[in-house]
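First chain A sits with chain B, and in the next complex the same chain sits with chain C.
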Partner chain A sequence: MLRGAALLFAALCIAPLLVIATAWLIAVSPETAEAWQHVVKYLLTSYIIDTLLLGFGVAFTAVVVGVSTAWVSSRFSFFGQSILQFAMILPLAVPAYVSAYSYGWLFEYAGPLQTLLRDFTGWEKGDYYFPQFRNLGGAIIVIGFSTVPYVYLLARTAFLTQPLEWWQAASSMGSYPRHFFWRVALPAARPFVFAGGLLALMEALADIGTVSIMGVQSFGAGIYRSWFYLGEPLVAARLAAVLLIFVFLLMSVEAFNRRKQRYSAIIQNNEIKKIPLTFGKSIFAFLLCLLPVLVGFVIPILVLLRLLSYNKVFSMALLDGEYVWQTLRLGGLSGLLVAVVALVMALAERFYPKGWLRYFTALANVGYAIPGAILAVGLMLLFGWTQKYFSADSFMTATIAALLIAYVVRFVATAYQPLRSGFTRIPQEYDQASAALGKNKLVTFFRVQLPLLWLPLSVAFLVVFLDTVKELSATLILRPFDVKNLAIVAFEFASDDRHVEASPYALILIALSTVAVIILFKLYDKLKVYR
Partner chain B sequence: MSVRLTNVTYNYPAANRGVKDVSFILESGKIACLLGPSGAGKSTLLKIIAGFVTPDRGDVFIHEQKVATSEKIIIPIQKREIGIVFQQHALFPHMTVADNILYGCRRKKAERTDFLNQLLQEFKIEIHKNKFPHEISGGEAQRVAVARAIASEPRVLLMDEPFSSLDQSLRSQVEQQCLAIIRERNLTALIVTHDEASAKNMGDLIIRIDQGSE
Partner chain C sequence: MFKKSLLLFAVLATGLSALAAETAAPKAAETKPTEKELVIYSARKEELIKPLLDQFTQKTGIPVKMLSDDAPKLLARIESEGAASPADVLITVDVANLSIAKDKGLFAKLNSKTLNKNVPALYRDKDSEWFGLSKRVRAVFYNKEKVKPEELSTYEDLADAKWKGNILARSSAHPYNQSLFAHIIKVHGDKYASDWAKGFVTNLARPPQGGDSDQLRAVAAGEAKLAISNSYYYGKMLTSELPEDKLVAQKVGIFFPNQKSAKGQLNGVHVNISGGAVLKTSKNAKNAQKLLEFLSSAEAQDLYASLNKEFPVLTTAKSDSVLASWGPFKEDKTLLHSWAPHSKQATLISDQVGWK
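After this line comes the complex of A and B, so read on.
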């Protein structure tokens, strides 16, 4: 039964991708063919160029900021370090599209910066130059800084687990921290840094919200526009198929990188004695680590608070408990569902480690790399075809069930990883001892394994909850028409430039995510002790 | 006879090691030691008898019942009525000493408390009854592991280098204590060890394994 369930989940994860891949084989109507020709002739080139620039720009920003802050915080001791170490993961709580519209308003003509400048200097429109934020560069900064924690966490783990002897050997040969970083620490941490950079890149590819607000012509924006404004699902599917090729290329590169990771010498844990910095350098280190916290967390929140203050009564009156409830309901349901699915998969792998099952499990985990928009388009088409085949009414399209399926496909890998590592920390001898004492697999699972998995299970639930609460692309396309969560309502207001109305929803969304991030941080700490 | 192996062969996939054509008989109530250097295949034999590994060839009998044959498990581990003591104890970390010992106990509820107290007394671990595995020493953990294996009242007790994780002075003390209890209960036991002196001290029978052969 376990194997059957794992197989079913894998099939569910692969099906929407197969649907997308077949989008090219389907005969299209003359209108769709014309729409596709239009896209190819006028838009496809800019989609490709903007997507590439956005992806690599975001990865570059995340890697440069993430690695430098990880290095400084893992090797040196400086003023305010203990608070910053935690604060640096807070940008995870701010969805990029919320940052995008905060910065968009901050920098626009009627925004506070330009207003202040005009008031202060007496200049009028056209008298001065002010940088624009709603463009590709702005999108790179916003998504880049929102993904810095991915690189930071991975790089920091890499630096902290490098053997102390490396540093001792290098320093005995006259090496200073700067040389050691470039010649030893960074090359050894490369697989981790690469994985973090790739995560940031994938995040940029998956984005719909930020690019729409910033006016970037990426594939994500193209898929969204083709579906909603052109009303052409097959054009959206074809664009998704092109993007899928790029995603698979990146996944192949990551697989190659993982193979190489075996040779990187992350051998043992050491309590590294941090090097104290002089006052001047300490200030520099503090400011460096403060930068991602300011850009990715503090400034967007301050801007939102400022927006909220413009019309407090009006804004708060708009705040409907229904959106908060929907957010909690969707996040909680998907967290539970995905954690259970991931648990079944991890359990199947534990009990049947050999044979065909592991290939299906690996395939089922592909979803993490597939942008939400692609999955949503694939699932919509799949549901549409299924309904047509059974000549049924729309029993799946635009339902909570469809949305939850999308979340399962998209986030099962993020829940699977902590559970899998949770299982690997339970020695096989426990299973064997239980079996030798006459207990079957079910009893062993409930009495021995499950009580030892509560921490990884909580992490799995929270990670999915956090992802779902912030998720926009799949929710936007697949949600039932009467279901709106905080992410949707904030995005809808923001994309209409109704910043004041959007601010309370965005702030509550950030507050919820921040609570989840703080609990996650505490759980990860416990997980270290548990190890 | 309690345990019988006939021409048992097993090769680890993608590894040039395993066991080859091993046959022996272990009579009921006797203690046998599987002696040999590291990598000789002692633990593999134990796993085959326990049912964790299926032999490529040969037959395994427990109390004259064939439990495994060439590439086939006939009786699964849960039904073989064996007790296993692992090198690293494998005590369940979320259960107390008492819960660990009673985990595989097949006795009726009413009898369990007395049975538990009797075992705790025998192994001199009464004061640790409500402690968790991380709160007791290595020697105590090893005694709990043996008590847990015995609590399921197995037909055969399998022990994989059970005392090797203890230091020398503690080892002989725990070894003697456990051995006395095993003999007192007239249990059939197969103990894996690489220490010849220890094997001579413990075993009624010594089975030497070298390069996978008996």
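After this line comes the complex of A and C, so read on.
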């Protein structure tokens, strides 16, 4: 039963990816073959280079900033720390494409900064140097800082839950915190850091919005361009298949990395006494932790507020509560559904850790690296084919079902991670004790595991909720009529160059997400207590 | 703890079903449009087309609902929905999109006297499948302080070395540029077009970025002397309620190229259309046709001009004061469906010459 359900869900997640991968097996028309040759000759090199630079640049940024801030805020006490340690994850509330647009506008020639500079100095074009923001570097900064919280949260949890005895033993031997970090804390936290970095990397690979604003020729951009501007779905699918293989390789490395470390322990009363920093170091720590908050949250919001202030005719009547409700409803529904699907898969892995099933569940997690638009169209192809076997009157996109399936495929990885680590923290002995008492798996799940899982479950729900609320491209194409959330309204204005009108919707979207992010952080803090 | 988790589970289950019911209930009613309800898939955003649709409903009593996204994705959706598709009408910008959809066999042939009368032959499909509803002129815009309109002449001239580092354009992948370039390919052939694009790319002041309005803003700020943009962006800035937009529009002038062009060049300004078609799978084709007829009628055409600053296709439509202030201009009369198929070639050449 359990394995059947898990297999079904995994198959559902893998099917659209398989559709994409079959592109290499289908015989192509001469025209498509020519288009593929064209892509190989003129574009593939830059796709590969830009994708690698973007992916690893983003992962590097997220890991360096995420780990250093997690370390500083989990071990030391300094000025502003209590606020900063949670403000650090606020960037999760800002969609990367909003941030990208904000920075693009802020730094461009006609934007406010350069205009101010010219007004002040009387300079003209060519009289001064000003760095370009709309390029690969800009994209790395935007996506990198928007994914810092992934690494930060995981690394912070890792640091906070490391046995206190390590720390005590190290200090009794006269080790400096610096040495302890490099020799003990970081190596022990490596699987967490790696997982966070991988999430950041996958986010970068799946991005279309930011790269198109920044003019980066990544695989995501190339897939989109081949499909929608060149009109060659098969060329797009071939590129997507290459991307999939790349992601799968990365995930295998991660799985291998994790296998070497498998421990489960419940640590009670793990309150670390934080080391107070001197004034100078305190300032440094403060600035370090402030940086990602400024870059990923405060500045984009200030830019949006500036845009909003241009709007003299803006009236609150515009802000139909309907959009907010739709946003909440879609996010909530998606969060619940994806969390349940991920729970079934994680549960199956718990009870059958050595079986063939785990390969399927691993594969099912790859969807996170596929751009939403590509996944959506892959799903539509799939629906189109299956439709022939059902009544001609029904079609998936008539209801919210198609959209929810897309969310499951795309976001199951984000819900799966916290649940799996939630399971690993429940000692196997508990299951064995339950079994020894003659209880079956169902009872074991409800009476033993679920009570210990409700925090990871809530985390899974919130993470998916946040992702859904910010999701744009799959929502746009798979939604039924009348489904119009804040992201879509903001996008419709923005795509028509009406950024001033788009700004209030983007701001409300961020405000909603901020609430979810704050709850998420509170849960994370509780999570570490009983672990 | 057991109770707690049971409770949690119950909350999850009820929440899930409640939300699902909430979402599914109204949808169920919508899967089959009633006799009169018209379903529109539109690549034009709701903001632009809503006033027109409202007026249609007011006049005819036919309720309308719409779904908007980019044209290629809407086409994919229509294909995926197949015979069950609820869509009656497709409204989109850019003739290339219309001709791709036609080639896929998605449109119904219309036999409408009204449409044939209102829409000039140049702006409708030769097989009466799609109809242009507004004209979109791709013009050249210049910074009034730096350029005199006398220095400007043709699209072809934009590749001349004298403009080096002084032109702005959005991405070549965008249909507006794709179509202009396809038009150039149709008139001049691949070889010339490729050389032209090379020169044009060298003349770009920065890598392509942003939308058409962004190019106008940058020209006003002095980042480059010229930009290519569709004219209605400029028209809307001129009439904008935002002082910042007005300021931009005041600094920028509009120029219709190729008015006095040499033989072999485009013989007038490049005109693209926004248009509509009735889908073959429509179960409400009569009302669908009514909508297109309404959109081509004088009252709707006036709105296209007054609200969106696009040029009406209906020759007798009332003139908008802003549009009239730009003066009359000559349009290139190359049949739209003759250059639309070159769009793909346009993208390929753009890649080769590095026009991002």
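The rule we apply is simple: the second predicted complex is superposed on the first by the 358 of 531 C-alpha atoms of A that agree within 3 Å, B and C clash if a C-alpha of one lies under 4 Å from a C-alpha of the other, contacts with A are read in each partner's own complex, and residues count from 1 in each chain.
The definition used in the following text is that a contact is a pair of C-beta atoms (placed from the backbone, for glycine too) under 8 Å apart; a residue touches a chain by one contact, two chains touch by 3 or more.
What you see is a predicted model, and the numbers here were worked out from it, not measured in a lab.
Participant: Between chain B and chain C, whom does A:A398 touch in the aligned arrangement: first, second, both, or neither?
Facilitator: second
Participant: Quick one: is A:T45 in contact with chain B, with chain C, with both, or with neither? Answer first, second, both or neither.
Facilitator: neither
Participant: Could you look at A:P451 and tell me whether it touches chain B, chain C, both or neither (first, second, both, neither)?
Facilitator: So A:P451 meets both chain B and chain C here.
Participant: Looking at the overlay, does A:P480 come into contact with chain B only (first), chain C only (second), both, or neither?
Facilitator: In the superposition, A:P480 contacts chain C only.
Participant: Among the partners chain B and chain C, which is in contact with a greater number of residues of chain A?
Facilitator: Result: the larger residue contact count on chain A belongs to C.
Participant: Thinking of the overlay built on chain A, is A:S434 touched by chain B (first), by chain C (second), by both, or by neither?
Facilitator: In the superposition, A:S434 touches chain B alone.
Participant: Show me the chain A residues, by the header's touch rule, that chain B contacts in one structure and chain C contacts in the other.
Facilitator: Common to the two interfaces on chain A: residues 447, 451.
Participant: In the complex formed with chain A, which residues of chain C make contact?
Facilitator: Touch list, chain C to chain A: 1-2, 4-6, 8-9, 12, 15-16, 19-20, 22-24, 26-28, 30-32, 39, 45-48, 65-70, 72-74, 76-77, 79-86, 100, 171, 173, 175, 178, 206-214, 217-218, 220-223, 233, 241-244, 344, 347-348, 351-352, 356.
Participant: Taking the complex as given, what residues does chain B use to touch chain A?
Facilitator: 50-52, 76-84, 86, 88, 90, 92-94, 103-104, 106, 148-149, 152, 158
Participant: Going by the contact rule at the top, pick out the chain A residues touching chain C in the complex.
Facilitator: On the chain A side, the touching residues are 35, 38, 42-43, 104, 108-110, 114-115, 118, 124-125, 132, 134-135, 213, 215, 217, 225, 227-231, 310-313, 329, 332-333, 336-337, 340, 373, 376-377, 380-381, 383-384, 387, 392-395, 397-400, 446-447, 450-451, 454, 457, 476-477, 479-482, 492-493, 495-498, 500.
Participant: Help me check something: in the complex, which residues belonging to chain A touch chain B?
Facilitator: 427, 429-430, 432-440, 447-448, 451-452
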